[in-house]
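For reference, chains read A, B, C and D in written order, and residue numbers begin at 1 within each chain.
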Amino acid sequence: MALRQCLDDVEASARQILPPFAIRYFSCGSDGEQTLADNINAFRRIRLRPRLMRDVSKRDTSTTILGQKVSFPIAISPTALHQWAHPDGEHATAKAAESMGTGMVLSMYSGSSLEEIADCAPSGLRWLHMDLLSNTDVMKYIINRAENKGYTGIFVTLDRPVASKKRAPNIVTKAYGRFPVSFGHFQGTDTPYKSSDKYTEHSDGINTWETIDWLQSITRLPIVAKGILTAEDAREAVKHGVSGILVSNHGGRQLDGVMATIDVLPEVAQAVKGTGVEIYLDGGVRLGTDVLKALALGAKAVFVGRPILWGLALDGECGVKRVLKILQEEFDIAMALTGCRSVEEINADLVQKGCTCVAKL
Amino acid sequence: MALRQCLDDVEASARQILPPFAIRYFSCGSDGEQTLADNINAFRRIRLRPRLMRDVSKRDTSTTILGQKVSFPIAISPTALHQWAHPDGEHATAKAAESMGTGMVLSMYSGSSLEEIADCAPSGLRWLHMDLLSNTDVMKYIINRAENKGYTGIFVTLDRPVASKKRAPNIVTKAYGRFPVSFGHFQGTDTPYKSSDKYTEHSDGINTWETIDWLQSITRLPIVAKGILTAEDAREAVKHGVSGILVSNHGGRQLDGVMATIDVLPEVAQAVKGTGVEIYLDGGVRLGTDVLKALALGAKAVFVGRPILWGLALDGECGVKRVLKILQEEFDIAMALTGCRSVEEINADLVQKGCTCVAKL
Amino acid sequence: MALRQCLDDVEASARQILPPFAIRYFSCGSDGEQTLADNINAFRRIRLRPRLMRDVSKRDTSTTILGQKVSFPIAISPTALHQWAHPDGEHATAKAAESMGTGMVLSMYSGSSLEEIADCAPSGLRWLHMDLLSNTDVMKYIINRAENKGYTGIFVTLDRPVASKKRAPNIVTKAYGRFPVSFGHFQGTDTPYKSSDKYTEHSDGINTWETIDWLQSITRLPIVAKGILTAEDAREAVKHGVSGILVSNHGGRQLDGVMATIDVLPEVAQAVKGTGVEIYLDGGVRLGTDVLKALALGAKAVFVGRPILWGLALDGECGVKRVLKILQEEFDIAMALTGCRSVEEINADLVQKGCTCVAKL
Amino acid sequence: MALRQCLDDVEASARQILPPFAIRYFSCGSDGEQTLADNINAFRRIRLRPRLMRDVSKRDTSTTILGQKVSFPIAISPTALHQWAHPDGEHATAKAAESMGTGMVLSMYSGSSLEEIADCAPSGLRWLHMDLLSNTDVMKYIINRAENKGYTGIFVTLDRPVASKKRAPNIVTKAYGRFPVSFGHFQGTDTPYKSSDKYTEHSDGINTWETIDWLQSITRLPIVAKGILTAEDAREAVKHGVSGILVSNHGGRQLDGVMATIDVLPEVAQAVKGTGVEIYLDGGVRLGTDVLKALALGAKAVFVGRPILWGLALDGECGVKRVLKILQEEFDIAMALTGCRSVEEINADLVQKGCTCVAKL
């Protein structure tokens, strides 16, 4: 009986180390934090149907994301302020992703510039996260730089037309003052923008699907639409030429009361079927079987956010690697135990549909 | 990450201030208080389907109630004994509603007379609450005065043919003696009724829909039927000429074990569709997303009761304004995050129907 | 806001008074006590659909059971060992039922003889409970005596072919020794049976529906089949000439894991529809709305067991009357609040069918 | 009111006696232990429909497994390391099974050799458990010896292509060092294998249904496929000539998140209907009614694992007998209370299908 750590252990340990304001900042959701909890619980409601007696002695967990190979279908979601988790910040995260053979979406709110991150993990797979800003020149300026530094996709946040309401105690606001964070994309680079103040100015709800058309016009990089939760919007995204859709509810930090991402995944997957657009998911992934369930229900890969931060807090680059390794190993075991030799063999038959019991109350 | 107060915070603070008998009086429900809890829980069971990438930079939360404009679709339900919450009583509540641009249903059990309330918030939108009394002359007398003082609708309680059974400890009954409350509509006015005793004498179950016909015959004001929970009664109300239906279970204070108001709303909305009769809801509204859910499922506006009292207890007029402001802001964010520019754009597609998950136990 | 006691209060008070062995004996169920809990919880899952604006100023709660009038549709189920609750035992219970205008099923395990009980409450409505014994002469002897003393029906327990398994700590077994209970039907009467030992000897599973035929052949009294939980057995009972069916799971004391009685009631009611056989229910009735729900779903009346014992423990005859009065008053309020003037007006439309909410997890 | 012990009592007592590492080893499941809990909870969700008034005075609990008579449809699942529960180890378990008239599946990880166990309970019904090993000669060698010592079937574990992940604290791993366990099948016998090291070497995922064909080719004993959870695999097993299917999820110790065995049983039973292949179940059986539910839903017999170990820990052979006796008695009562005279009479009508209540949330 091998005894191994799981992601819950990593989180518990990280909470022993981090100061309260950072724990609260990383862990909180919006309003009543209902969606935050449901993202995890929804995975628990889904039952697996394992297939036996297939030769699974050789298993291949690798797949591709936007045409590029990853060692396993688990990559890193964009999250802000990695320095609050560990002094090495995004450097550590990027190096861990590189060494584990997967990709990282670098947040717009990275403490280090996109150039620094590209240089510290040069052979790593990296994508740029983009919030929709009021200043389109800034967006264009950053995207151009990303293209030049080997970023191979833009993950655009669609579900933040305005800020949501958090109930995190104001310990976090106070921390903003005491632990000022400089957003890195304008640091240490030759930038035409004197101040980075404008940089974080959101566009405040003005965007429409035409903004996506504009983004396509200024970059040759594939666009991934992040935050989609309905078939209707998935079809819009496809119509506007995105290469991927990240089913996400912003980790329960934007509109509280939406469905768990794993519950909405089938609807979205069905809507884009046959278009060639890739579907990803983030929110609530904590176990290897969660990854397998997401792939069975239509995801090409999953992204993880908070667990990366807990690993980072615990042990910098090593901690992030440990989190990725735990997930990879658990996913590999889940493949073996469901009779899958490759990610292509993971399909919807592995998941129980409808009521999972003889009788129900 | 903006940090803002929610209605639960207001309630928690108010409970620190109020004496036990008032807390118990305001918060209790009938029998096992099952409906009291379900009114809130039912909102939590409903999942939102947000639409993205619509230009929501300019949003209009205003709507109309009985043809009159309100700044947002949230008004004040009739509740008794505002003096038990704050010495300023209904004066504070009425002024808060006026300054926030919404309306207030003045309870028959107001400590101040309807004239005083009209005078203290002269430009406020106000409606009169009417319990069905044994003395029809008294009803007629009060309604005539309300017409003269600018009340623009009568909200008639239909769900109190007899008193329900409360289990509130008798601390409340004792409080009635120690903190006598004079019902205000006969105070400080020139009234033909020597005593107000008859005033609170209920009609004890004798009323039928003919009572509504009689009410229509004695007033030019629109009638809103309060307390309807079935399609059958909604159709009866329409047949008897009401202008609005307030889906309500008396805040869980009359028949315990009825459905939550948000659960019964679709049935009622469906029943009156196309008649032009407006549907409202009260019971369990605590979040901006609750308001949006109610509007998506057919309500023209929602009314809030207890949260107003908690705000009143905390800080008089300012406290009531704070409660209304919190709800308005949360509702505004909810509109933005679901892609709605106006209340007209809120529709049933924003709410998940049927089972909300992949598998269910 | 009237403040009144409910049955839960009575139980809580009784538990302060009774010795542990009696509490355990009265309150326990079989095996894991799942059905014991579900009997009560199932009522909570059912939602009412109240009808408004009917003249309910005059309400009549009376009905008939086996053709005899009762003041309200709530009678007393057979339970053993009333002396363990109060020294007055079944005398107090019988007198309370008589004075409240309802009936009592006298248990075979009464401490007083059926003659004594008939004499102490001569104008009371009374039925005899009959377990199926190994000695048919004893059954015949007792039934003949019951006929002579004005008992007007026989409630036969069908769901105890063998004893179930209880997990009550052996404090109860020890109590049997220290507080010996004499079963009364052979005490103080001129009986051909020297000893009452044989009396409590169960027939140990030998009975079939032919036993019911035999019972019909030896008595002119109507037979009520107690313990039926399926449509199949309901039809059998009708075929064998019973006058009534008491849907019961022995208060959760026989087969654990069966359905709650209120959940099985519609199936049984449907099966006997149009036959003229009356349906009753016991198990889990604690509120006036529970009574109304049972009647709406097909019961002619409900029977209560444990609440009677708690009332008896608390205050003898007065305590039992209090319990019956609480239920009657709550039922009367429930009728008023659902728009029912008489028990005949209580129908299935008052109960929500199927899923009671907009969305479900 | 007879007062008797149940399996939960036995477990609670055993936990007072066993050292923590043994408790943890026996009781743990994989990952989040969701399936471990669900195996038990799923039985609680199923409601029984008892039939009354059948002559159940003479009941026969006996049945056959693979054509051999057992006194009741409850046998012993293979579990490892019985010495950690009690010094008498598998000897005690085998003797208890023999004296109770049922069978035991001897684990490959028995502390005593299969010959010793056969000799200590010579007239007992015994089957051999087989994990799929990397060394097929070892498998063949052991099976041949089992044939010679009167084992009458091979239960092959199919659901362990690789080891699962346990979260048991490393107290267990440490215990492996301090309390070394020698696997018995190579002890005290004349074996061509110098070391038993290879014996426990798993085949690590290489097996396919052809392995089952090979097993059939080397033994005349019937094969039971253990670990099947889908209709698809059940049909495969039938196609490859198995005589029985043990619906099992390895007691929640392999893939976490699969369905409870009782929930998956109907699907498997339906898939093999008419083939003559027998269906068994293990996982979560704790009550006599659980056994009845399993038989009603298609199982020929159930197997129990952990309860046997708790009984063994408590009192060696006597403790195992007590566990079997409790289950047999409870099953016998359950038969009587549902109107079944023989196991053949147990059918699907005894179980409620679909929603078990009037309304559902």
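Before moving on, here are some points about what is shown:
The working rule: a residue touches a chain if its C-beta (ideal position, glycine included) is under 8 Å from a C-beta of that chain, and two chains touch if they have at least 3 such contacts.
Here the structure is a predicted model, which is why all the values come from computation and not from measurement.
Overlaying chain A on chain B by C-alpha atoms takes a rotation of 90 degrees, rounded in steps of 5. By the residue-number overlap criterion, the interface of chain B with chain C counts as different, with under half of its numbers used by both chains.
Measuring from the averaged C-alpha position of chain A to that of chain D gives a distance of 42 Å. Here the CA centre of chain B is 60 Å from the CA centre of chain D. Annotation for chain D: residues touching 2 or more other chains are 45-47, 352, 356-357, 360-361.
Residues 25, 28, 31-32, 34, 42, 45-47, 158-159, 161-170, 172-173, 203-209, 211-212, 227-230, 232-233, 236, 254-260, 262-263, 266, 297, 351-357, 360 of chain B touch chain C in their complex. By the touch criterion stated above, chain B contacts chain A in their complex at residues 1-4, 6, 9, 44, 46-57, 59, 287, 289, 293, 329-330, 333-334, 336-339, 349, 352, 356-361.
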